[in-house]
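Per-chain residue numbering starts at 1, and chain names A, B, C and D are given in the order in which the chains are listed.
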């Protein structure tokens, strides 16, 4: 189900805590937690004897069960619950044997166990997001005034600050945290419906038992059993998919900024990290690369879950079972992407000199819009745009700076004095609402962590 | 962008209102609405003269623009905004010409226009969901006590009522409606950042202008410009993906129930509908089939948008532009899926006799669990399960009813008297919490439409 | 990388031989095989001393390496080859140490190892397909004349034979086998290019060494190193995707035919197989269900590999690495889908009586086209179609047989005598080219296995 | 079905010829071609009168049919063939009316029409690939010796030549052309099976008619009707997906090389092309960007077709119909991606000076491996790697060139004389088998176009 470190994919694109949260062991442990909660709930509702519930709960100890054997048998039975309840019944001391899994169906145990795993997984992701938020917030504050090139379609466009870039990442991280919490509030519900979702075998005690199970496990009680209405699961999956996409965005920014020819950031150096098997000079953006791979793998699982929503009648033959692989992998890859981005951000080395130097790379053309706007105030946007476009082309052709070209241009000089041209061409004076935007992102983050305390 | 009725795909898997909402014409109209709002907002903030704003707004009339020409030029320019603003400038009377598109970037106009299209699209989906909810609620009420076979892994499992099935659909529809509204509240934000997301060319007026644009267009102001942070768009996309998946589920249930061998429902007959080009007797579940196709096409677009989130720097080269096709198609296919399911449900013919007849198809074996539970109360779940399994196999082998087999079985008779066996084997007496579940779904729907009034 | 039986997903949706073929152990073994082949090839080309090559090859024994440790270190290094070559160098006795990994890059070792794994994987799939072909061929022969309902849009349409259905599956299996072999011939090439794909460090010996490595490993030599041109890998992936889709089709046919209300096939009964944790009478189509889930999971990986083709420059940062998880999982899930379908087909129980009985379920309406064609010969297709459509509706409304309705209809009787009507309504007389089609599929299979001998 | 220029997506991410090939008009034209071929084939086989066939064929003129009306009616009927054959029957003069669509089913006409569209589409793609091949071949020849930085994980790694990069693209283009031709040979088969794939209504003339239809339309005859065995269609789809991925790779290389900070290539300048609505200096890689978007959209459709392979019985309810949208869009987007890459390559401006200048950007560290290999010949790979790694770090720390650092290092000097160090650090002397690889790719291309003549 999950991936252990023996698997390259798990080691490279996952995290150990998330692998543990979705391990086969945790799955069995939570199915047993369901069976124990079921027994206790039924005892409380007077459906089975208290003594039986105690005996069952006492036997629901994970260490008594052989996970490998259960899963191997599961392939034949089509569900791990058949071997599990058989083994559990064997392990129950006394009359409790008679009441194991009473009134429940396989899917009740499996779905509730997956919900419990998801609860742990969502908590881990929440922690990771807050840690990443802290890293982004630190960068946003520290580099609030670090001017660099903003780039559109991979071309230098206008100056921004690195603080603004970090603030945009931060704002996205805050939105993702809130999205995750919204889904926690909606999706963490118990599954309990019996074989066809009617709780038939519990007579008129079904609702009472359902409530008690939810209380017992700290989950919410859903409106109805949801054996083949998988919208909650799908929403968890898509929320993780969006989170993975967000991680891919930050990772890609790091990869691009770390290019040899850009050189504005690099991941923290560390022995054994980011080297090459053959090129001694390489310092590779390892975390960003792994995050990019993990994000792709996570996103690939989303349509599997969405297509899997198309489930037949009261229990699906295929679409549901595919979740057993898709959901754990989705959590593991999303956690991997988040972890690597968090790590890259935490140790990010920022070369502010290179950022400033890169601004001059286009002979001042990055300030073309600024000049254009300065002119436009006098002669209108359209004409100003054309003048500066001509100027830009001339500067490129003649290897001049835009400033030199502007000084030499009669149309420009007719409108703007020298100092106005100089002011128009100063990157750090052309940042508009940058500071407000950074402040807003930081505010949003502060609210998030205050709410959290 | 959207699909007109000349396209088979549009006709078969979309709807006309959604095609109109995402037509090229609506796209141009909303980009012009952005330009008009921008001019007015800038005039109000004192950035451009009032007169200019009036002149610009006056020229922002869709009928003055040739959509086909704009889009053809867009392919060369990489954006429709370049031809649009050129044409708009031509059409502005007076000095306003100088102030067209002042301080904005292509992406501001395009993203805001798509958000406005999405607002219309979400409203259409909301209406569709409420209509579908009404259909499901009617079925849930009418068939509250219509007993039928519940089916797991496509095998008859236990009795349910058709009202419960409809109630499960209804509960899902209600959850989807709430999810759609949550996304409406979060995602309908203006895009306004200028070329690199700093609003540099507006000096310190950027925020004020941004607020005014939002007010003007009835959208929310976002925390920050979000040119390459596409989580809101992605969340709209995934919400539609989940909705499409939900429609696929209902459509599949209809397709399965309408099978010749099941025959429990059929879509409404209508001239020219659901026939075959060669088989005169066919009455095909056309709506469910089209919904199934539309849902598949919708789901396929979700990973395109998610993978497209991985955007470079301050404007993406590919991932963003792919949205221009993916988002309209996603809305159109989702609307198509919803519309066809709504229509199928609205006219659904339910054969309650066939439902009851099908319950007897397995010689009473569908009541096996009920008998097992009745026995289990006396001899424990495990042993009861085994007795009934043996009984079931014997009944199958000998072509008997389960009831006959039970009457003839000594182990059963030792525990249960005849009338207890008969009671245990009555489907309509083995429905557990079915009624409560139906009531809950109806409640949830009533709350939704009351909140709506 | 691959999944062991401790993982539920591996146990339920994979196979042990494929898990072994793509295990971490096999990956390390094949990377060592590459290093050994490299050393021998370089010795043969005079690049490194013979003695060194022998020493290196001697140390390339998998049992000397700790797979878990290598993979854990790999996450930091971004590649398993850095720890692997370090450990290998430690293990080499003598001067050979100096020549380990000479002139190669990480990706050379990794890609070649994956190609070697894929070679094993493709062989396993080929074997599986032939076994499945044998099962389908047996069904096609045995049920050549077993009449059953053909179904379109899940409605009974016209009679076919079960042999024809099996023959269609068989023909698809034969085509898939040929597709697999085509990809084996194209894609099993060595990767060897050095750090940037120039083989720079081997001076003018690169080509010679490349040829020798290919010979050594039994792979083909490619035209050029293909570090970021992943079309071969992608073609392997898509070929498996198509195969998985084909398995999904067969599995779905089985699931549908096994429905309680259809009951025409069932999977072989076996202790511990296909039961329910709560419903004693259930006999679930376990293999078809697992195949359906596995096929979904396999298909989900295809776009990950396709999107991963978009690789940067001379080595990708993300798209390539994602293959390390996607390719093994794709092979495992495809193998799982194939294995379960093969098993389902091998033990398939066919209820020919139920097949014939189901033909009568629609009151003879399944023969409507036949009657329509018989009429059409006299009065044209259009008019015949309309008459029979009216007739069909009347038969449905009045609960008659189509035959009765036809006998009673003046328009029909004006054209066809009684015995012609009877002949027209006999399913086994209305099978057209069915027998030829079956024969063709069997021929195709025979050719495949003869070619194989 | 296809996209006209009124649609932004069509204009930006498709091509006009492909849109025409998959237009609604072409679809109707080819369905009529099927009906005409069917009639003629049946006349030749003696199934219908010659006169009838002539009358039918005479009415199969596209200009007689209203495509919009057909498609609107199709949505109700679930298939365009019902309105089409009704209208066709109306248009047939004389007794031929009786024999329209004789013995065929909707799917026969639709699938065969789509195969005919795909034939046109594959021809267009083949032409596009050859044109792209010509562009790549020209670059490979012209820049055979243009030294530039090879880059791995977006870091400068080793020198390559731009000719090698173009040769790698070329080799992939040649492989894709061959793959396309293989699929043309396999997949262009007629569909003809009648309502349930038995050709029942043609008695024993089915095979003969089928052969004649194939001859008439210039398609191959398949082994069996393939109504729900979609492996051929899926293989077409995946082949296009791989092609789209290949285009994405080339486009991404162009985008990266065209970055302001790299500046090694730019797309051809042209009025109205690649500008910005606000930044006058921008010259955007428009074609590469559009290709990237189109490739993403194309890849997104592949899993829709693969998942759609899972089809029910003898005709699918959803999976098949989804192809009607997915296949045309897939062809259009793939054509768009190919067209834009072809155009970008055809006009690509290569800045060879910038390429050489960028090689010096890392202070000679790009030659680190070369130095390492030169040392390794004397002291072994492992030790050499460590020396050069230390040297590299020192050079970075002290702002030196690697050459200076090497001259100053005692360990290096102990092994290599000055001129050997200089030789080791000359990029153009460290290209290994580059020239052979370029020659191989050119050879492969020449064979392809010779075979084509």
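Keep in mind that, in the parts below, contacts are C-beta pairs under 8 Å (C-beta built on N, C-alpha and C of every residue); 3 or more make two chains touch, one makes a residue touch a chain.
What you are looking at is a predicted structure, and each value in this text was computed from that prediction instead of being measured.
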Fewest hops from subunit B to subunit D - one hop per pair of touching chains: 1
Repeat of the B-D interface, chosen from A-C, A-D or B-C (over half of contact pairs identical by residue number): A-C
Centroid distance [mean C-alpha coordinates] between subunit C and subunit B, Å: 32
Computed distance of Cα centres, subunit B from subunit A, in Å: 24
Set of subunit A residues in contact with two or more other chains: 78, 101, 105, 151-154, 157-158, 194-195, 201, 251, 255-256, 275-276, 278-279, 284-285, 289, 292, 295-296, 299-300, 303, 307-308, 317, 369
Of subunit D, residues touching subunit B in the complex: 1-13, 24, 27, 67-68, 71-82, 85, 101, 104-106, 194-195, 201, 251, 255, 270, 272-279, 284-286, 288-297, 299-301, 303-304, 307-308, 317-322, 324-326, 328-329, 333
Subunit C to subunit D touching residues, read off their complex: 78, 89, 95, 97-103, 105, 150-154, 157-160, 164, 167-169, 171-172, 175-176, 179, 182, 194-204, 206-207, 210, 223-226, 228-232, 234-235, 238-239, 241-242, 244-246, 248-249, 251-253, 256, 292, 295-296, 299-300, 302-303, 306-317, 369-370, 373, 376, 379-383, 430-434, 436-437, 440-441, 444
Subunit B residues within the subunit C interface of the complex: 149, 151-158, 255-256, 258-262, 275-276, 278-285, 289, 303, 307, 358, 361-362, 365-366, 368-369, 372, 385-386, 388-389, 391-392, 396, 402
